[in-house]
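Below, subunit A partners subunit B and then partners subunit C, in two separate complexes.
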Partner chain A sequence: MARTTSPLGESTKPQRGIKWLKQREQRTGFLYILPAFIIIFLFGLFPIVYSFYMSMFNWRVRRGSFVGLGHYFDIFGDLTGFLMFLAGIGLFVLAYNVWNKAFRSVKAGGFPARLLASVILIAGGFVLTSGWGRMIAAGNSNFLNSLIITLYYALGTVPLEIILGMVLAYILFQNIKGKEIFRMIYFLPYITPTVSTAVVFQIIFSSRETSIANMVVGFFGMDPLKWRFEPNPVSELLGLNLQGFLAGPSLALVTIILFGIWTYVGYNAVIFLAGLGNIPQEVYEAAEIDGANRFHMFRYITMPLLSPVTFYLSLVAFIGTFKAFNHIYVLRVPSAQDSVITASIRIFDSFYKANMYGVATSQAIVLFLVILGLTLVQNKIMGERVFYG
Partner chain B sequence: MKKHSYWIFAVVIISAMILAACQQTGGGTDTVDWSKVVPATEITFWHQHSGDRETELLKVVDEFNATNEYGITLTAEYAGGYGDIFTKMLPILNTPEVPDVVVAYQNQAATYQLADALWDMNEIIDDPTWGMPQADQDDFFPGFFAQDVYPTFGNARLGLPPNRSMEVLYYNMDWLNELGYDAPPATPEEFKEMACAAATTPYSGATAEGSIGYELSIDASRFASWTFAFGGNVFSVDDNQFTYDDPAAIEAWQFVQSLFADGCATLVTESYGDQTDFGAGKLLFTVGSSSGLPYYDTAVAEGANFNWSVAALPHTGDPVQNIYGASVSIPKSTPERQLAAWIWLKYYTSPDPQAAWAKASMYFPTRASVADQMTDFFATNPAYATAFDMLEYGIAEPNVPGYDFVRDEIEAVMAAIVDNPTLDVATTLTDFNEVANGILADQLAQIEPAAE
Partner chain C sequence: MANLSGSVSTRSVSHKGQAGRIIGRILIYIVLIFGALVAIFPFFWMISTSLMSLGETINRQLVPRVPQFQNFVQAWSTAKFGEYFINSVLVTVGTLAGLLVTSILAGYAFGRIEFKGRDLIFGLFLATMMMPESVTWIPNFLMIRGAIVPLPGGTWLNTYWALTVPFIANAFSIFLLKQFFSQVPKDLWDAARIDGCDHTRFLVQIVLPISKAPIMTVLLFGFTASWNAFTWPLLVTTNDTWRPMMVGLWTFVQEAGPQTHLLMAGAVISLLPILVIYFITQKQFTEGIATTGLKG
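Up next, the complex of A and B:
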């Protein structure tokens, strides 16, 4: 090994020492993160990789023949349909970009841009629904329908629990008597074991005429409802004749949605309260001097300055609803038929009831990708609107 | 390069772990000379009994531990309900983690056997040293004894039955008298007439409001029971195919559908809600397991306190009763552990422990000679005695892999039938039968050598 010398002809010993120190620092750093790495790898990354490995086999109680991506093809059924579905999503993204960016710099281009975006959006909707229809017809309709049920559940739960959480937090932030007690009461559903509260919901939303839920609707002159046992869409019960996705969730699923909202409103309120505490009081004082009323202050100060919290909560809530399992498992009954079978429940059934491990893991991977995709979309759309002050 | 080396390192680690995870750790038993095997001294038994039944079971276990001549100590562990045990077992099949003895319904045992994970007791049942004498084998009720022999797996014996129960019709005799009847219904027509009369004429002694003829719980066993009562079956052993499109099944479920359409029946809406309503005197009929006899007794005693009993389900020909019950299986482990488990099973199913267990649990014993020891018990428990007399009419649900999944699916179909009075039952069941046989075919396709 050639020995390097400095221009003065001296050895580069100090430089080598620094290099050695840096290496030692690196090694020490790696040692510090090693325990966390092992834990995350073993219990986080490895199961995902292993699930993908299982999904490539005809794996039931034991490993069977290799099927490659066969289970994935079985889920989507029709390649053309799947590609049309992806193309529909692509058109949605394009419409979004056109709407937001393409004509932003052209003064008179606003209207044509929106018109074009609308046309692309309609075309995207058509292509997407056509593709979806083909997939449902040729693929695993049970699993694909469970994704729709999951979407209903997410759309029914997340916006309401965020809005109610914010409103509750805003009220609790005022100087009202006993607000600490209310804060604790609202937080209780979140810390109470899900299974036990779900059982209480079973009783409240029983289809008996004497159940609490039916007594409440009876107070308003309505006939008793079947609640968790009702597989028909709420729209149908309201006398509307809507078909397909527009028909909406069943009453049974709405009952489960109510449970989801009830559980997480208090948690969201507590997080929002922390966010409210970080908004400088001077901003409100300045607005008050400028003549802003309470609504104006909430709309133009509180909401924008809470947007990072709102963004975080909606992101976590959306992911949570797609993974929700415990309370749905407890609240579902055969009478509700497939109307409450979300993707996570379907995966569980494929695994434990049908013993189709390969199918179940492929469904889990698809759900994982769906969550990942929706998170990215949400991140893109909402992330741009977050105001960090 | 460094970045590449990290990736290579990660891939190598993941691959190594996958390969390690793929190793089959199971221990099968090839040909074993059982006369030379010494039973293990510590074994475990996973069961589903809790409360009083667990207390009684532990007494049987204690007696075994104290008296067996091989020094075997059996630890009986409550491992959750049937479903919990099933889900706990699946990931540990063919590993040393399996219990030595486990409770399993026939279809669950069949699923375990897809992984070749249970011990075929034919290997030892006739063994001169450790086997079960022919007289003892003959003492089992033949139907019960045959339930654990699986044609699907080359007639392997994958379990022994320690107890059984049966689906029976619970009825309120005092209410029937008020309605002008002096006996429970024997035919579907009588059943409908009585149920509809009860729906409009509440029982005078009821302690709760409302009046219901019949409450149906959505359960695959209920589907089978009504089908059996109408002279049909949900499975053909000869063809190894589900027969949910059996004309008798269609007729039975058109009948149940009409009960709902005419307002004579409702669904059970809460866990054991039919038991509660029956006890309160607001429900005339319900169909359920005979293992529920003590609970019905309590519900009635604490409720409207009327005269009640059990009968065969209303039938179109001879009565046919749905008999079920979990058996006890021995997962494959080592010859020593398996032998110890077998010794326990022989004891557990022998007449004296059977009699004690049957009296305590209200399950039916599985051996004929046990009845002789239960005369006093029959006298003090007339409903149990009535049900016991119906054992001769019993048949069982299928013991094929995948039946758990089929059960879930048929329950959704049942719900749809009773929910929609205009639903075409024949078409619905014919379509469902294809689904069920598809599931079965998919499961049976697994009975092939696993990939090495």
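Up next, the complex of A and C:
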């Protein structure tokens, strides 16, 4: 600024000053982030690269022979199967896009497009499952199965905890006496340490006839169950005879799912509650004048205006369940067998119990890629359906 | 006439509506109270069992006949929970002190100083937030054992450093403070600079005093994360020297199966600091978490 008014002779001096100032800013900036950078680089960023490096060796405590991508081939087993699996996912994406286009052009050829989408979807499902079958047959079925268990855990936990959280928040948002106290109580499970609450859940869901969980099912006239010791699928206990993926999670995993839901419902409710507070009251008043009833208001005002919060929470929760370790580790028992071993538990076992660092890091990298993929897909799908005020 | 009947009918409607509303209210409270009971029952049961005698725990009673407060004394000294508790306190305090320094400085730099590569580095920091723990376990374990970079003292297994150093900086705290610091009006900085202020003085004398709320949130998050930490301490503590509360509780579960009353007393002890801080800072706590949730 001073440059324009100052005499010619001085015009270079402030320029140099600005440059010097900028350099000083640069130095200060680097200096300020340096402590955080060292820690986050060493313990957050470097491990990713190093994990990948380790995954290319036979590494049992000490580094052994170089195997390249061998561990990855061991996991996926059959290359054709793996490619079929990826193709199946590609077909799903295609079906989704076709379906979306059909919705945009409701009149022009909506029905054929939807039909096409369904055909592509079914084809995708077929290619995907047969590819997966080949991978399971030839690859590391232990680890691949753990991904399925992880998926069960995610699908069992996330929708329920989101819905329950939303319902509780919606109820609490009506002028409730003691709202603060309820909010405080609901939030309690979220902040308390997993290990401390797990020791209680271990006893509540023990297989003894006198355990609290068995007293509850006994109240409804059912026989005592083995809960977290039960490796058989819930569907089988209910007398259904389903095979493969459809057989669903074991009762042991369902117990862990209940523990997860118990922990996170309150957290979701608190965040939904804050989101509800951000919806302007005028919108409801306008709707009331137009004759909308409670249900209409919830369906056509609350839900869409809350959708960014729902999106955020389900994204965090879904990724969280794929990363989850503590909740599962503290409730698992050997007699539940493989039915509660999610991907992160499998990685921990390969690392800590079997000391196979190379194998464990390759599994960790695969899990990381799965989470990355899920994040991208969820961002795309939800991003298109979320209504940002 | 018509007018009268009209008014009567509206009144009867409103009566019916009121009855419906009362029933609705009752239903709402039933749902809320049921939810609260489910949320709080495990804590009730934990406290109740921690006061029972061994015999009462075996018979699965719901409440002790005579509260056995000496269970806590026994858990504290015989079961070594006192030792673990002090370890946890020291680890948490050290972690929080470091975390505060690194995240205030970095948050300020990312929010208020222009330097080359700022956005790139910030993006890399944020990327660490979605990383699963399982990817970092193994390299970090080797790092702490001194197998990757030579460490002062050879190996950090079973040391204080293993439990604190990896956690004295995290992307989330930096992100939180950056959001707040970047909202401080630029006029304030311009005025301070004219008075001869540099960044350090501006940060310490002007920004920090008005940032108590976000700093408190960082501290609360840091506290719960550090106190509740389980997997990493399990990996790097193989003996009692620095074993924190959560790992102590876990090893007690493995080793002393039938002593449920002592186990529950230990669990209550492990909860206390979190509960005390939660009840004191309740509003700050929930609101801090709610707003960060909304911003994400």
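The rule is simple: the second predicted complex is superposed on the first by the 343 of 389 C-alpha atoms of A that agree within 3 Å, B and C clash if a C-alpha of one lies under 4 Å from a C-alpha of the other, contacts with A are read in each partner's own complex, and residues count from 1 in each chain.
Here is the rule we go by: a residue touches a chain if its C-beta (ideal position, glycine included) is under 8 Å from a C-beta of that chain, and two chains touch if they have at least 3 such contacts.
Treat the numbers as computed from the prediction; the structure is a model and nothing was measured.
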Tell me which partner A:267 touches in the superposition: subunit B (first), subunit C (second), both or neither. second
Please work out whether A:161 is in contact with subunit B alone, subunit C alone, both, or neither, and reply first, second, both or neither. neither
Touched partner set for A:334, first subunit B, second subunit C, both or neither: first
Let me test your reading of the model: by the given contact rule, A:50 touches which partner, first (subunit B), second (subunit C), both or neither? both
Hey, is it subunit B or subunit C that touches more of subunit A? C
Thinking of the overlay built on chain A, is A:361 touched by subunit B (first), by subunit C (second), by both, or by neither? second
Would you check which partner chain A:200 touches, where first means subunit B only, second means subunit C only, and both and neither mean what they say? second
Once chain A of both complexes is superposed, is A:78 in touch with subunit B (first), subunit C (second), both, or neither? neither
Quick check for you: in the superposed arrangement, does A:353 touch first (subunit B), second (subunit C), both or neither? first
Residues of subunit A at both interfaces, subunit B in one complex, subunit C in the other: 45-46, 50, 202-203, 208, 210, 352
Where on subunit B is subunit A touching in the complex? 13-14, 17-18, 21-22, 24, 86-87, 90, 93-94, 111-112, 114-117, 209-210, 218, 267, 269-271, 273, 401-402, 404-405, 408, 411-412, 414-416, 419, 439, 442-443, 446, 448, 450-451
Taking the touch rule as given, give the residues of subunit C at its contact with subunit A in the complex, in rising order. 28-29, 31-32, 35-36, 38-40, 42-43, 45-46, 49, 60, 101-103, 105-106, 108-110, 113-116, 118, 121, 124-125, 127-128, 130-143, 148-149, 165-166, 168-171, 174, 198-199, 224, 227-228, 230-231, 235, 245-246, 249-250, 253, 260, 263-264, 267, 270-271, 274-275, 278, 282, 285-287, 289-291, 293-294, 296
Contacting residues of subunit A [partner subunit C, same complex]: 25-26, 28-30, 32-33, 35-40, 42-48, 50-51, 54, 167-168, 171-172, 174, 176, 182-189, 191-197, 199-204, 208, 210-212, 262, 265-267, 270-271, 273-275, 278, 309, 312-313, 316, 319, 322-323, 325-326, 329-330, 343-344, 347-348, 351-352, 357, 360-361, 363-365, 367-368, 371-372, 375
Inside the complex, what are the residues of subunit A that reach subunit B? 41, 45-46, 49-50, 53, 57, 60-66, 202-203, 206-210, 229, 231, 333-338, 349, 352-356
